[in-house]
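Worksheet: the structure to be examined is printed underneath.
Chain IDs A, B, C, D and E follow the sequence of writing; residue 1 opens each chain.
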Amino acid sequence: MIALLIRDLKLAMRAGGGFGLGLAFFLIVTVLVPFGVGPESQILARIAPGILWVGALLACLLSLDRVFQLDHEDGTLDLLATAPLPMEGAVAIKALAHWLVTGLPLTLSAPIFATLLNLQSPGHLWVFVTLLIGTPALSMIGAFGAALTVGLKRGGLLLSLLVLPLYIPTLIFGAEAATRGAAGLENATPLALMAGITAGAIALLPFAASAAIRVNLR
Amino acid sequence: MTETHRTKQAEDRWNWLWEWANPVKFMSLSGKILPWVMGLCALTLLPGLIWGFFFTPEAVNFGSSVKIIYVHVPTAMLAINIWVMMLVASLIWLVRRHHVSALAAKAAALIGLTMTVAALFTGAIWGEPMWGTYWAWDPRLTSFLILFLFYLGYMALWGAIDDPDTAADLTSVLCLVGSVFALLSRYAVNFWNQGLHQGASLSLDKQENVSDVYWQPLVLAIVGFSLLFVTLLLLRTRTEVRRRRTHALETRERMADA
Amino acid sequence: MDLVVENLTVTRGGVPVLEGVGFTVTPGQVVMLRGPNGSGKTTLLRTLAGLQPALEGRVSVEPEAIAYGAHADGLKATLSVAENLKFWASVYGTNDIAPATKAFNLDGLLERAAQNLSAGQKRRLGLARLLVTGRPIWLLDEPTVSLDVASVGLFADAVRAHVADGGSALIATHIDMGIDADEVDIGPFRADPRAARVQTAFDEAFV
Amino acid sequence: MIALLIRDLKLAMRAGGGFGLGLAFFLIVTVLVPFGVGPESQILARIAPGILWVGALLACLLSLDRVFQLDHEDGTLDLLATAPLPMEGAVAIKALAHWLVTGLPLTLSAPIFATLLNLQSPGHLWVFVTLLIGTPALSMIGAFGAALTVGLKRGGLLLSLLVLPLYIPTLIFGAEAATRGAAGLENATPLALMAGITAGAIALLPFAASAAIRVNLR
Amino acid sequence: MDLVVENLTVTRGGVPVLEGVGFTVTPGQVVMLRGPNGSGKTTLLRTLAGLQPALEGRVSVEPEAIAYGAHADGLKATLSVAENLKFWASVYGTNDIAPATKAFNLDGLLERAAQNLSAGQKRRLGLARLLVTGRPIWLLDEPTVSLDVASVGLFADAVRAHVADGGSALIATHIDMGIDADEVDIGPFRADPRAARVQTAFDEAFV
């Protein structure tokens, strides 16, 4: 299992592996919004946590089709399915690798992007904390969606369509917790609910995802 | 050691029931009952709507816009219940592998989507006189929008996969997982915004919310819409069964040529 | 461990491709699977490897005893030969890749990225993976595609050493690779895709 | 030329062709933003034109890799390059097909999505008008980016990175024109500038794009 | 129209693959291009078709006289046989597809979507495209891959009819397809990729 994780991380780091592209996309979304909305710093600060969450979510989403697609194309997925490795474990590991390569960098850089959107000091912290708790759920749910569409040509946009509704609860709780935190309000409830979603997704979705992969390999 | 038998369905004491999931039996039975369901549907839906639209008084401060309720409430209720029906059908497919069940879920999705859109549109048209806006991010409305997205994704997945059994398996898994997340969304949305929308007024203890004049035709319309759903479901499932059969024949033909 | 296949029906896209397949592969035996293009060799091997369900029939071994080598090699272009092989070795819990690289003459290439290999070298790397699985039954799908004569010889040696060790191999191929082997022709098992199957059981109108 | 257009449209309509997926993505982005930002209709109405523009831009962007990639993979591009059809014309036609399949539906549906974001009556019109003038530029610029990345595996995110900076002027003028229009202000200048960009892109970029394709085919 | 190739150097990935290639194909002539895998046949044909520039040398005809048939057929899976063919016919301004479908025995399949064709049928459709181009010089890259014997016969007939009409064909292939043809072996033209070229001119250190 650990070998799979190390391999996935190595692949991401090597040329063309996609490390940093999610981050770049996040940056671009954060940059585009002020161009679209206009430069008034008050409005920007007000919508910043929400926009950062939406941006992180889209960046996550766009890197999802790499999770299984490349392994499917070159036959690795067939060989993994016949290897002495529970498919559920492989799915969980791949979701973890996706998070380390996409979710974690996003989370770490979010405070900087928050500054771009004129978000003031406690807001930084809350965006960071909520993303830290929420992005693992995004990766896991996304891995499930990627497992559903692994056999399809150009599954990209379909994948987005399938996964986005599943992201909504996480987004609502995450953005709500961040916004409330930034405004100095109490936000323990949405934080707890979001943590619950993350825990539930990590505990259950690997099973659904591995079932989907086995179906797709047939 | 792995052993497989051609008849995958287990034999048990419920077999008399599952037998009807045999496509051949299903086709003959559904063909027979379809005209009756259609007739009943016409007998309830038309009177219900006519009664509701033309023979109820105008509400005190809402004017005639209140009559949208005869389309809005039935479609809204069906939109949710059809998803539940799809969930049950998907489970039956996953556990018992009855093709007709998966095809019924597929057939129901488009009807459910239509109902959702109808509820959204009638709600929006209603919203303009009632709340002064076509759309507000009210939790009830919002969760319908999300339901719409779920229907859309479900149907897109059916459409994207060539092999029908693979498609049935994957959409069933999606329906299962999606149901959990749809429920979560419902709570999330409630938490996120306290809304403008009416509570459930059909429940018995709150019956007085809507006076009897409106209530009786409404019940008739709900029954009518439900029968409309059954009619459409049977029609579409029959089409899907035939399509599936055609697909099987075409695949065989192609393989014989190859 | 004997690989006994009895009355197996395998399907592709829901339609039976082969019907009533039966044969046995005993330890120490190499069996060549023969049949023209599109006759169902790949489908059969995938079914035996546990990647797709059979419609009917019996297979005597669990997929856990089987190492499957497919048309595609599952190599990662940006990883080196050693990294690729070590990954599979640790997945199978056998951590020594030296015998495998030696058997397929890869020792000079260990640090080369897989994308810079020629087609034949890639194929050799794919075959070396079999040695690190440590599994007794090999199912191979056209293993010698794009290999030159010398490399086919290396492969034949590896198969001979494997069966001498009590392993066995079932190999789908169109060529003669100079191994002492039995043959199974899947021609007689081809299913008639047009055969009417409607009457039989529950859902069969669909398959 | 007309045969190429008809073929591309047919392909888009058939199963898996991707017609409507751009639209679905647009819908989803529009839906996500309120979840992130919160349901207050005033704020939503204020940022609506900008968000709609950003959403349309992202939806366009994500469907770009289909413009040449599929034709490259199955060899059609090679055969088109040797056919008696100027490559510049083929590029322009393909950009037109992309616009008809993505930009036009987006534009037509934008007023509905504007309602979702609580944008009031004159705003609708302006979002529609600005998208109508601006989306052809998005398709043409995007086709140029797609031509640059046509030979690359997983060019998707790289394509985004290349194209997004090129989109920024269109976005700024478009969103500005829409926002001003929605607020009842004068907006002839940004409209004119945006129209200029569109005209220039359509006139010049086919040449750059066809040069890029010829290089990529070598 | 004669296709005269003189002293041509073709490159792949910037490295010369063939050097000093020279031969002539006259109307009425069929020439088979021979050479082992990876020797540069595809590269040469792509250069002649105008898809990539030559490093050096002369080709006597413009790409406008050439119909190129590649490894990939450029078929759209969701379009029918007739739609696929009509598209190419209208691109080349010849709107009648009937002779092409007749020559390759596709008349029974006109309404079938390309994705539902067998590999051999797909290939036949790809070859039928040549007939709707109406161009005199055919450059074909392994045209008979995955064709059965009967279909190879159809193809050979089509080539014979084409050259009888004053056309010509240059065909890269590994098999014998029973056409009366001359041969060009590209073995002697293979470039030595390690040959030092540094001394000569400005940029040559890089190619």
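Things to note:
Following the convention adopted for this analysis, contacts are C-beta pairs under 8 Å (C-beta built on N, C-alpha and C of every residue); 3 or more make two chains touch, one makes a residue touch a chain.
Given the structure is predicted, the values throughout are model-derived calculations rather than measurements.
Shared contact partners of chain A and chain C, listed by label, are B. Per-pair counts of C-beta contacts peak for the chains A-D. Between the CA-based centres of chain B and chain E the separation comes to 55 Å, rounded to the whole angstrom.
Chain C and chain E have centres, each the mean of its CA atoms, that are 35 Å apart.
Work out the mean CA point of chain C and of chain D, and you get 47 Å between them.
Averaged C-alpha coordinates give centres for chain A and chain B that are 32 Å from one another.
Across the assembly, chain A contributes 16, 152, 158, 161, 164-165, 168, 172, 176, 218 as residues in contact with two or more other chains. Contacts with at least two other chains are made by residues 118-119 of chain E. For chain B, residues that reach two or more other chains under the stated contact definition are 146, 149, 152, 156, 160, 192, 258. Here chain C touches chain B in the complex through residues 9, 12-15, 17, 38, 50, 53-62, 192-194, 198, 200-207, going by the rule given at the top. Residues 146, 149-150, 152-153, 156-157, 160-161, 166, 169-170, 173-174, 176-178, 181-182, 184-185, 187-189, 191-192 of chain B are the ones touching chain A in the complex. Every residue of chain D that touches chain B in the complex is listed here, in rising order: 15-16, 21, 24, 27-28, 31, 34-35, 38-39, 41, 44, 115-116, 118.
Residue ranges of chain A in contact with chain B, taken from their complex: 144, 148-149, 151-152, 155, 158, 161-162, 164-166, 168-169, 172-173, 176, 189-190, 193, 197, 205, 208, 211-212, 215-216, 218. Those residues of chain A that touch chain C in the shared complex are 2-4, 7, 10-11, 14-17, 71, 74-76, 78-85, 217-218.
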